[in-house]
Amino acid sequence: MAWINGTTIAMVLFAIGATALIVRRDLVIKLLALGLINSSGILFLISVRFHPQMTVPILPVPDGVLIADPLPQALVLSAIVINFAILALSLVFVMLLVERYHSTDCERIEHAVETEKATLGSQNLATISGSDETEGRP
Amino acid sequence: MILALLPLIHIFLGMAAIAWKACARATLIIALLADIGLVALYFSPVSHVLSATAAGGWTEAIGIRLMLDSLALDFLLLTVLLEAAVLIYLWRQRLHPTFVLLLQFLIGAVMALVLSQDLFNIYVILELLTLVSFLLVAYDRRTFQIWASLKYLILASIGMSIFLIGVAIVYANVGSLGFAEIGVVVADNPQAGWIPLAAALLTAGVAVKAGILIFSLWLPDAHSAAPAAISAFLSALVIKMGVVVLIRLAHVFPLGPTLKILGTITGIGGAIYAMSSRDLKRMLAFHTLSQIGYLLIGMSVPEYGAESGVLAYAMAHGSFKALLFLAAGAAYDVVGSTDIGHLILERHRIPLRTRSALLLGTLAIVGLPPFDGYIAKAPLLAATHDWTSQIVLILLGIGTAASFAKLIPLFKGPYRRVGNDPAWESYVVLALPIILFLPIERALFGTAFTLPVMSWFLAVESIVIVAVGWLVYRIHRRLRVRPSERLFRLEPAIFALMIGFIAIYLVLRFL
Amino acid sequence: MKRTIRTILALLVSMLVCCVVLLDLVVPEAPPRPDDTILLAERTGASNLVAAVYLGARLYDTLFEVLVFTVAVIGVRFYLSHRPSTARPVPIPESHVIQASAQILLPLILVLGLYLTFFGHLSPGGGFSGGVVAASGLLLCVMSIGLDTVYKRLSGAGIERLEWGLPMMIVAVCVLPTAFSRPILSNLLPIGEAGQVFGSPSILLLNALVGLKVLIGSWMVLYTFIRHRGEI
Amino acid sequence: MISRAVLLALLPVIAGVSLFQRRRLTAVIGMGLFSLALAATYLLHSAPDVAVTEAAIGAALVTVIYVLAIRRTGRLLVVGDEVPGLLAFEGDKLVGIEVEILEGFARQLGLDLSIQVIPHAEVEATLLRGDADLAAGGLCADCDGRLHRGRTHLPTALVRLSSQKGSPGGSRKEASTKRCDYNGYFSDLVKAIRSNEPVEATLDMARFLAVSRCDLSDWTVDRLSDSRGYAFVAGPGRADIRKQLNSYINTLEDTGALDEMIRRHLP
């Protein structure tokens, strides 16, 4: 049973996430797999120095009791928020792509983007919303 | 003391640009002036205010330290230079406050990254950098931009997870995240079992951001899809942030052979793709890959002078790559395409100043004396003594010359005064370091530059390299071979990333 | 056929990465670090050591994390607001069960959010989780009184100005110590009695700022998603 | 100790099951559940701060925005493959007779129309799973008994197209390895025919006319049945939507708008 610890499970989650990211064609599910990969890194960081006797890092603690290292926990808080930011922004971009191509199939979108670039050259490419050309193009 | 002000000023002013929308443009100038002032402090008698600090006074292992060393100084100067050039380039265009905010955040994150001496701090800043450049690449909301930046985000995010696992292993073994403490522990016991795995994870994670061929397969799409000013920033500066982290890692971990292998693959692969690319911006993006290979090989050389050569080359590459991207953007505005054949056909419509900027950039990039490409390459060539690195460096020079030989017809007549390039002042800003590179670098790095640059042998060698490159271009044009670009799709890129990590691990463990 | 090969390859490669890391993982027995613990508690006055690290020793990281969140909110709003919004006004659910339960749950959720935010230095929680919990309370409000009403009331309170104003304030709080020739990002406020609500005023202040910022940010993300969702 | 191990062992199971779901919504909710389990794991790793944050952000906020993005309320979700003239891309927009009918219908219902292009062969399965309200895109064959087929809005015929190279008379081995029936996207079929790959497909008239612009001298064309018609299909238990759509098409026909659309899109 000792092998079921945080680090092992974190790497198994990484493998599941990476497999799903490659195998699943649906972009939304790809993003969920990306979230899983990020979570696996977070679980790894939490559990790498964890020992079953450790207690919660909130004072006061009785003498002689090990407390869990607060530093990785503080780092992980940042990583969770970053994970959220990545998932939200990429979801927005997937929504824009789906609206344009009417499909969530990654290969189909990739193919459509490539043919669009090849046939039209780099000019006159369709914008997602046609009316924004006046709005602050750099 | 006040080192952290450098990034924070940009972030504060970025927010201010949204708060007072009318002043968005003014915040860019204020930020530029503040940067110039703060960097100038370094050369003034009160330079101690820029000495190493710990954020919040936490000097212990748990805190975050910032330091302005020669590496950071070099990139700070490059940042200020590019900031000035891009500000001038964008001056006459309408700027949306969100764009200004993202630009300020980008610059702020770059400055924070070069100053940071802490692994996890680097992780957070790299993520900020990823998100900001992700938004900037797709700023025009064209579909190919959106797809390119989505691919970028997915790959970069996998890389950062790998990096985070590396950070965890380092922390578990060292008990601190500062480079100084890690360096001490690694030097104490260089044979410790955790070092290869941690180094492989960290290197593979950063490699995704650093433009290394097997890892950064998002780069050609993202850098060629972005708006011109953003391309200049990304290719000249942001991609080198990965290199900065790699340099810092290489100071701590024994990465020499790994970097050499990665550099060779990246450099030669990038050069081959650049040679066969027919789109100007895409060619510049591929060429960035091959130049990253140059930097990596320079980093793997332990000899004296190699590191200042790397820094000088990073700066030189930043200046001429930004010049080329900005000029390519101006040419695109006139012609409506960045296809090289198209540009050559319509060359009479491109303003003369744009064409001169392209010419200057090309001369500098192929490494002809007396421009900065040559001056920065010379110490690298002089410092590498083993013949494999020498050969790779020469091959890279030939590849660069061969890919830029495509542009030669662009500089033929007729030279009529047509139109006016609205942003020519920004070319002047970038041309200054290209032409006056030697005095600037001598002032910064001292004696490392006196010896090799003056050698006749190196000058002749670089001219011969360019000539051979031109010949290769003629032969390659007959052959009409184009390598497949399927590798740059999303799913193969994820595969390549993971296989690349395993390869780096094997090299570090068994070589 | 091609799919099967790809699936097998993907599985193989990712298992390989997994195995490489697990087989070579060397972790020493974790030495406890009492020195840091005492120092953290002394210098910040917070009894939740995670909060002491998060908003004390590593405030610089947290600052960038807040910026990442800000960028996410701005990005979501910028890229979705150019889309046309949904064809019809977002309706209020007819169900009385939802409305009744919203009226009971809303105060509870808001109290929980406030508790998490303001006691973040004494017990688990902190500005980020408190802000998100409070934002989910706003989502309940949307269910009971409708999206547009909530939006109008909040805009009347000027939250749009706070959206960028709060990060500016957080940066200012971080930079202010330099004016008093203290290291940047250090805390200026005096440390009170440990274990009390005002035992660590600087962390309390930062938690409150971050909590409000996250509340507004999450609300904006939720509002934008309800109003302009795409075609998935 | 035991609870920690059990929870940890549960994590890959939840993640694996939910990421390999067919339905997006199930996958999203499964990952929300995963985040909750992860938060509990953090709690057992004596990291209560992380647990609270993960529960609030990972389990609540992320799941809510994903559900908001893919939910179906207030939306008429139509799936179908491309058919030239009926539902096809023109530049970056979908145009055609069926698109116009659906747009009008959605406007009448006060819903946002959302059309997703999926492979022809998956249309029926998607409807049966309940992932869409309506199916479109040149449906003229008979469908599963649980689905509700609407009224015909345009007559058509079925055509069998098969390449002679791999005809049934040829060697069996070649036939089994090389010939694939058309079940992907229509655009893939056109590409396959252009590059002379051996293909066998049953096509409706609109698709066949579009394909017949390519050189079809190597192909055998069998006319299967004449008396077919295009129709929309509603999912199981959606007889109401079929009724509303039928009456909407009836009014279109009565006012002559349908004929006008057909003339505009099918010259």
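All chains are identified by letter, namely A, B, C and D, in their written order; residue positions are counted from 1 within each chain.
Convention: contacts are C-beta pairs under 8 Å (C-beta built on N, C-alpha and C of every residue); 3 or more make two chains touch, one makes a residue touch a chain.
Being a predicted model, the structure only gives us computed values, none of them experimental.
Within the contact network of the assembly, the step distance from chain B to chain D comes to 2. Counting C-beta pairs in contact, the pair that comes out ahead of the other among C-D and A-C is A-C. Compare each chain's C-alpha centroid with the centroid of every protein C-alpha atom shown, and the nearest one belongs to A.
Chain C and chain D have Cα centroids separated by 38 Å. With centres taken as mean Cα positions, chain C sits 17 Å from chain A.
Note on chain placement: the centre of chain A and the centre of chain D lie 27 Å apart, centres being C-alpha means. If you average the CA atoms of chain B and of chain C, the two centres end up 33 Å from each other. Of all residues in chain A, those touching 2 or more other chains are 12, 14, 16, 18, 22, 28, 42, 48-50, 56-58, 71, 73-75, 77-78, 81-82, 84-85, 88-89, 93-96, 98, 100-102, 104, 126, 128-129, 132, 135, listed in ascending order. Contact of a single residue of chain C with at least two other chains is seen at positions 6, 10, 13-14, 17, 21, 25, 27, 30, 33, 36, 40, 48, 50, 53-54, 58, 61, 64-65, 68, 71-72, 75, 79, 82, 124, 126, 128, 221, 229-232. Taken residue by residue, chain B touches two or more other chains at 62, 98, 120, 124, 127, 131, 135, 138, 141, 143, 165, 169, 172, 491, 495, 498, whereas all remaining positions touch fewer. You'll find the chains touch as A-B, A-C, A-D, B-C, C-D. By the touch criterion given at the top, residues 1-5, 8, 11-12, 15-16, 18-19, 53-58, 60-64, 98, 101-102, 105, 109, 112, 120-121, 124-125, 127-128, 131-132, 135, 138, 141, 165, 169, 172-173, 175, 192-194, 196-197, 201, 491, 495, 498-499, 501-502, 505, 509 of chain B touch chain C in their complex.
Contacts from chain D toward chain C in the complex involve residues 24, 47-53, 55-57, 60-61, 64-65, 68-71, 74, 106-107, 110-112, 114-116.
Residues of chain D that touch chain A in their complex: 1, 4-5, 8-9, 11-12, 15-16, 18-20, 24, 27-28, 31, 34-35, 38, 41-42, 45-50, 53-54, 57-58, 61-62, 65-66, 69-70, 91-92, 94, 115-118, 185.
Chain A makes touch with chain B in their complex at residues 10, 14, 18, 21-22, 30, 34, 37-38, 40-42, 44-45, 48-49, 71-72, 75, 78-79, 82, 85-86, 89-90, 93-94, 96-97, 100-101, 106, 109-110, 113, 116-117, 121-129, 132, 135-138. Contact residues on chain C toward chain A in their complex (touch as defined above): 3, 6-7, 10-11, 13-15, 17-18, 21-22, 25, 27, 29-30, 32-33, 36-37, 40-41, 47-50, 52-54, 58, 61-62, 64-65, 68-69, 71-72, 75-76, 79-80, 82-84, 122-124, 126, 128, 194-195, 221, 229-232.
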